[in-house]
Amino acid sequence: MTYDVGFVGYGLMGKAHANALARLPMFFPDAPATNRRIIAGRDEDALARAAERYGFDRTTTEWRDVIDEVDVLYNLTPNDLHPEPSIAALEAGVHVLCEKPLASTLDAAEEMVAAAANSAAQAACAFNYRYVPAVTLMKRLVEEGALGEIRHFRGTYLQDFQADPEDSWIWRNDADVAGYGRVGDVGAHTIDLARWLVGDVERVAGTLSRFVEERPHPDDGTPTPVTTDDAYGALLRFESGAQGVIEGSRVATGHKNTNAIEIIGTDGAVRYDVERFNELELRGADDRGFQRISVTEPSDPYMDAWWPAGHGIGWEHSFVHENYEFLTAVDAGEGYEPGFADAYAVQTVVDAIVESHENGSWTTV
Amino acid sequence: MTYDVGFVGYGLMGKAHANALARLPMFFPDAPATNRRIIAGRDEDALARAAERYGFDRTTTEWRDVIDEVDVLYNLTPNDLHPEPSIAALEAGVHVLCEKPLASTLDAAEEMVAAAANSAAQAACAFNYRYVPAVTLMKRLVEEGALGEIRHFRGTYLQDFQADPEDSWIWRNDADVAGYGRVGDVGAHTIDLARWLVGDVERVAGTLSRFVEERPHPDDGTPTPVTTDDAYGALLRFESGAQGVIEGSRVATGHKNTNAIEIIGTDGAVRYDVERFNELELRGADDRGFQRISVTEPSDPYMDAWWPAGHGIGWEHSFVHENYEFLTAVDAGEGYEPGFADAYAVQTVVDAIVESHENGSWTTV
Amino acid sequence: MTYDVGFVGYGLMGKAHANALARLPMFFPDAPATNRRIIAGRDEDALARAAERYGFDRTTTEWRDVIDEVDVLYNLTPNDLHPEPSIAALEAGVHVLCEKPLASTLDAAEEMVAAAANSAAQAACAFNYRYVPAVTLMKRLVEEGALGEIRHFRGTYLQDFQADPEDSWIWRNDADVAGYGRVGDVGAHTIDLARWLVGDVERVAGTLSRFVEERPHPDDGTPTPVTTDDAYGALLRFESGAQGVIEGSRVATGHKNTNAIEIIGTDGAVRYDVERFNELELRGADDRGFQRISVTEPSDPYMDAWWPAGHGIGWEHSFVHENYEFLTAVDAGEGYEPGFADAYAVQTVVDAIVESHENGSWTTV
Amino acid sequence: MTYDVGFVGYGLMGKAHANALARLPMFFPDAPATNRRIIAGRDEDALARAAERYGFDRTTTEWRDVIDEVDVLYNLTPNDLHPEPSIAALEAGVHVLCEKPLASTLDAAEEMVAAAANSAAQAACAFNYRYVPAVTLMKRLVEEGALGEIRHFRGTYLQDFQADPEDSWIWRNDADVAGYGRVGDVGAHTIDLARWLVGDVERVAGTLSRFVEERPHPDDGTPTPVTTDDAYGALLRFESGAQGVIEGSRVATGHKNTNAIEIIGTDGAVRYDVERFNELELRGADDRGFQRISVTEPSDPYMDAWWPAGHGIGWEHSFVHENYEFLTAVDAGEGYEPGFADAYAVQTVVDAIVESHENGSWTTV
């Protein structure tokens, strides 16, 4: 069958997912067919332009219209808008791919998990970095035991798009909308990878930093309060006993998208930085140092679909792979991972970090 | 108007250009519209599958059919098939994008240049690496004088896809088809960049290496003679007085696609390696060392069309940019660069390297 | 005058400091002259060999003999032996250079600070990494304001010399001798640099990990308990408001001596890894990316004493610079930094990390 | 016995070798003992300062005095002064370590080889880069067959100490003194490593570049002609059939001491850059990418003499190792390598490159 797909939201994530859907037929011909049917948003002009660019049949300013018309809903809205459309869709039997973090509060996230549990539809959360071939290969290496027992997880997600106090205010600066600052945005990615690759987190200590108290509004330059953190740091103790140290920032001058993780085990270690998208560094059991691997061989995850060895892909391709896996699961009617329950587990870690910051104590997840 | 496009050839380059055409509307909406109308090849089954994947309306085993039906011909065949369809198309007023090197012999290339000169249609040669944003930025830096007067050009293009003597025979191993070995294939890319970035080459010394004399045929494993070089090296003297040192190999163990160039001037230097696709290293006039630049800002060439800073693109995107520029020139009716004359100039350098190898002397281009 | 120097301890640090003293006359001819007079230790045979190699006049098994004979004492013993000889020397007016951490307990460290305060002699603590030219240059950059206001400090000190549970037991595994595990050994280095480069630490959260419970004794292979941590992680809040994230490990497979720090400010960032000894990465205010700087110019700290630009030095040279500064201060009679008070301040941070680990709460320093 | 050593020359090489001799007893206690007896030079004041710094008993302005007094002569003069003192010493049975290149003309070099052949004394040429542990390890890997059959040698030696036309004139700019420009100075190093690691060179093509015609004299700023090349490039064909591409420059903006080589074989590849002194990159037969190896383990060449793993050494240490090997050979009375014959073989390649440049043809070595 051909799945009718609807988006709520048409910003960066709308562009990334629309592109992913458009590219599946040529590169993953066994992916279920989709029809980009309807896209919802507030600003009718911008929406119309987006619909044309992204190849949607029609637009709406009412997200409920989307649910009525589609088989699959992509919820690409700011965090506080994740629950209501997602829950409504699941209640209507419509599959959902919701952007991360799951919600702007843990309570809302819990309601979403409940809705997912009560629905036969797939409820997916869009942690796209699992679908970077180098990261998927990391998972394969961990599962094969190439690293032995994991002792250290190190994760950073450093950016500088708000390093300058004069950088415009964005919705991610607003606690009411975003719920969290860096810890909920990039921290959620790091924590999802930590849980996926190393296992459950038992307890955390965390700290949040706000370096800029207000920023000019993009519309008129009005100083607007920043109510979310600019940076976070956290210590993790995994259930396995492994130690984790993670941090994230939007004011880390010199870093564009340093989403980097390292996993160190008894027998080996592996590390990756999204800025060198196609490169994985592996120190195998018999190696004297880290091998710099070009994750572009046909035997590497997803790479047989693309180009010859050494001809790398980019950030957007992680969305293609994510959509491929999601739609395949939708078609199979079987549990996509990471689902809402995984995303909720991530959010409990995020919340525990915030709580640790506020209470000044280690917090059990 | 919407341009009808036809491909001759459906291999890797077919895939790369079909993808490029498919992506233009979403990312470069001002690009002329195209219709993937017809694709030609020999093997009907494979062709039919390619046509479906790549989105062509119909197939043919006669390349002349393509010329009859289209406004633009993409000649994506092995080198010895470049001249005839390209010339026929140009004579028919059909625009041509021909893969590099221009032809398998310099004489044939000369005929192609003549046909281009006599036609009002665009005659483009597909040197896609000019359209890598980091490389386009290099050009901008050179033109702005950021490097001062150029003294050194260094270029390598190292791969290992035939490092093992048991790697299958391919048409690039056949002198009758390919005309040249590494010097014509990857050497042509390096020389095109050298000419574009530094200027005309006055004379060369060259050497060719053949390390493997025969390889198993992919069909039945029959030992099949290798009649082209596995590797080349050359010294260049530019008209400006600059010194160039270049080399290429398909047996360079450990290298997947090390297409790397460095330009050193009196005031600065810049270097780039395709394997780190989004990274440019620049040593500016006031710098103490090379800056590692993420060429992903909206102000970087072509990058405003794609993703936020730090969210890199991949090899295939160079084809999108190339197609964008080519089709824009087709629509404008104005001279695309690099055209057949540029490609011919590249080939004269390639030929001079071969001649130097054979004669044992420096050769004037 | 020529200073008589005595060592207590003849292990790795004995070798490093003896070499440093031996090299001063040739490379820093304005350094005060020294005479390596006496060296103390327990094992008479090993001591005799060390004395010959390191150029000492005579040996003793009584550390008190050293104090009687010298102007300057180098206390290069395990941590629990730092206080008594150091205090005795200071009371006798003998200058002291004591290895880090200052002591195996905070109480003992406090007594050492008191002794230093009551003595006219210099009381130095051997944080040699301050004297790596790239690190000294970092300090210069911070002080010149090249980075603006500091927001992030990131420090790791990863090694794998005990990654294998079969690696021999060493005194650093014994809490009674070492006092602390990684946090006191490599953590002390990281924290000293943090304080020097960013300022005082206000509060911390910390965690300690012990992955291996016993190790074979080097003498006979007897399983011997490990009573110190194999790894630590900590969050720092500086008095300035900056955020710090640090960690250290002796079981970090693949890392030999990854003593790496990064400082990120409003205007720039700088980072350094001891494993690439002569390289500093600087992202200045006008740069698009990190410059990779070869800290080997005559204008770089200490480098005019050595070799031409690009001809790098090694780890041992940090000790030469340290000894140069220490002896110069001894000769001037003026306060060397870092002294015992600085080392004590470092140790309060170390202790707070341990306390946070034990209490499960953020701890004020 | 203790060997009396005399230097002719007290510049950079005097400093490097004096330091090496001074360090041997502490780190290589089995090295033959030496006495720095006499040092010769022209400028009496500078010479006196050097003698004091470098630890020589006395000075002379007559190099013949040195030969009369010593067992071992270090000839550290500009190239045109290599032959006479070296030959005189060898005729007197005095061992010689002569700096590279062997002489400023091939004829003079030939006379030196003859003198060496007729003398029982050791005649060594100071190609110190063979004694960098990472390079010695490269040799070990090649000999063990870890790379298989060698196909490619790539060598660059890029510096920028004369990138600016206003950089002072030095004796290396004078053809009468230096004999050669870059090709004889840094080219000799690269060619020595090429021959040592890959084997004899059969024929070459070469090019020389002079970008700056005159430079200010250091004494008074007088414009002084530059009569040697600023840069060279060359293609090598080894007797084994391997292909070599090498180049060197003193005007390569952004490069301080990029003495880098790569050897690519059928089974593996290895590469090294002196600027990252302790790092070797190895792509072994079973590896997917280059391993970055810290050549600091006790099992690595010469490294058991120094510091623990991960605590790297610097450029000067290559001279310590060189002196250790040289003096050990002197003491054993057995053939040190590389000797004058090796250095002559290097010079024949250098000369062939110059000849190729002048004649415009490939030149047989």
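Order of writing sets the chain letters: A, B, C and D. Residues in each chain are counted from 1.
Here is the rule we go by: contacts are C-beta pairs under 8 Å (C-beta built on N, C-alpha and C of every residue); 3 or more make two chains touch, one makes a residue touch a chain.
A quick note: this is a predicted structure, and the numbers were derived from the prediction, not measured.
Visitor: Among the chains, which one keeps its Cα centre farthest from the Cα centre of subunit B?
Guide: Most distant chain from subunit B: C.
Visitor: Check A-B against B-C and say which one is joined by more contacting C-beta pairs.
Guide: Of A-B and B-C, it is A-B that has more C-beta pairs in contact.
Visitor: In angstrom, rounded to a whole number, how far apart do the mean CA points of subunit B and subunit C lie?
Guide: Each chain's C-alpha centroid was found; their separation is 54 Å.
Visitor: What whole-Å value do you get for the distance between subunit B and subunit D if each is reduced to the mean of its CA atoms?
Guide: Distance between chain centres, rounded to whole Å: 41 Å.
Visitor: Centroid of subunit A to centroid of subunit B, CA atoms only: how many Å?
Guide: For subunit A versus subunit B, the centre distance works out to 36 Å.
Visitor: What parts of subunit D, by residue number, touch at least two of the other chains?
Guide: Residues 255, 287, 289-290, 294.
Visitor: For the complex, which residues does subunit C have touching subunit A?
Guide: Against subunit A, the touching part of subunit C is residues 147, 151-152, 154, 156, 158, 163-164, 205-207, 209, 211, 231, 233-235, 237, 241, 243-245, 247, 249, 251-255, 264-269, 283, 287, 289-290, 356, 360-362.
Visitor: Subunit A touches which residues of subunit D in the complex?
Guide: Listed in rising order, the residues are 282, 286-294, 297.
Visitor: Using the touch definition up top, name the residues of subunit A that touch subunit B in the complex.
Guide: Within the complex, subunit A touches subunit B at residues 12, 16, 18-19, 22-23, 25-27, 29, 52-55, 159, 161, 255-258, 274-279, 294, 296, 306-317.
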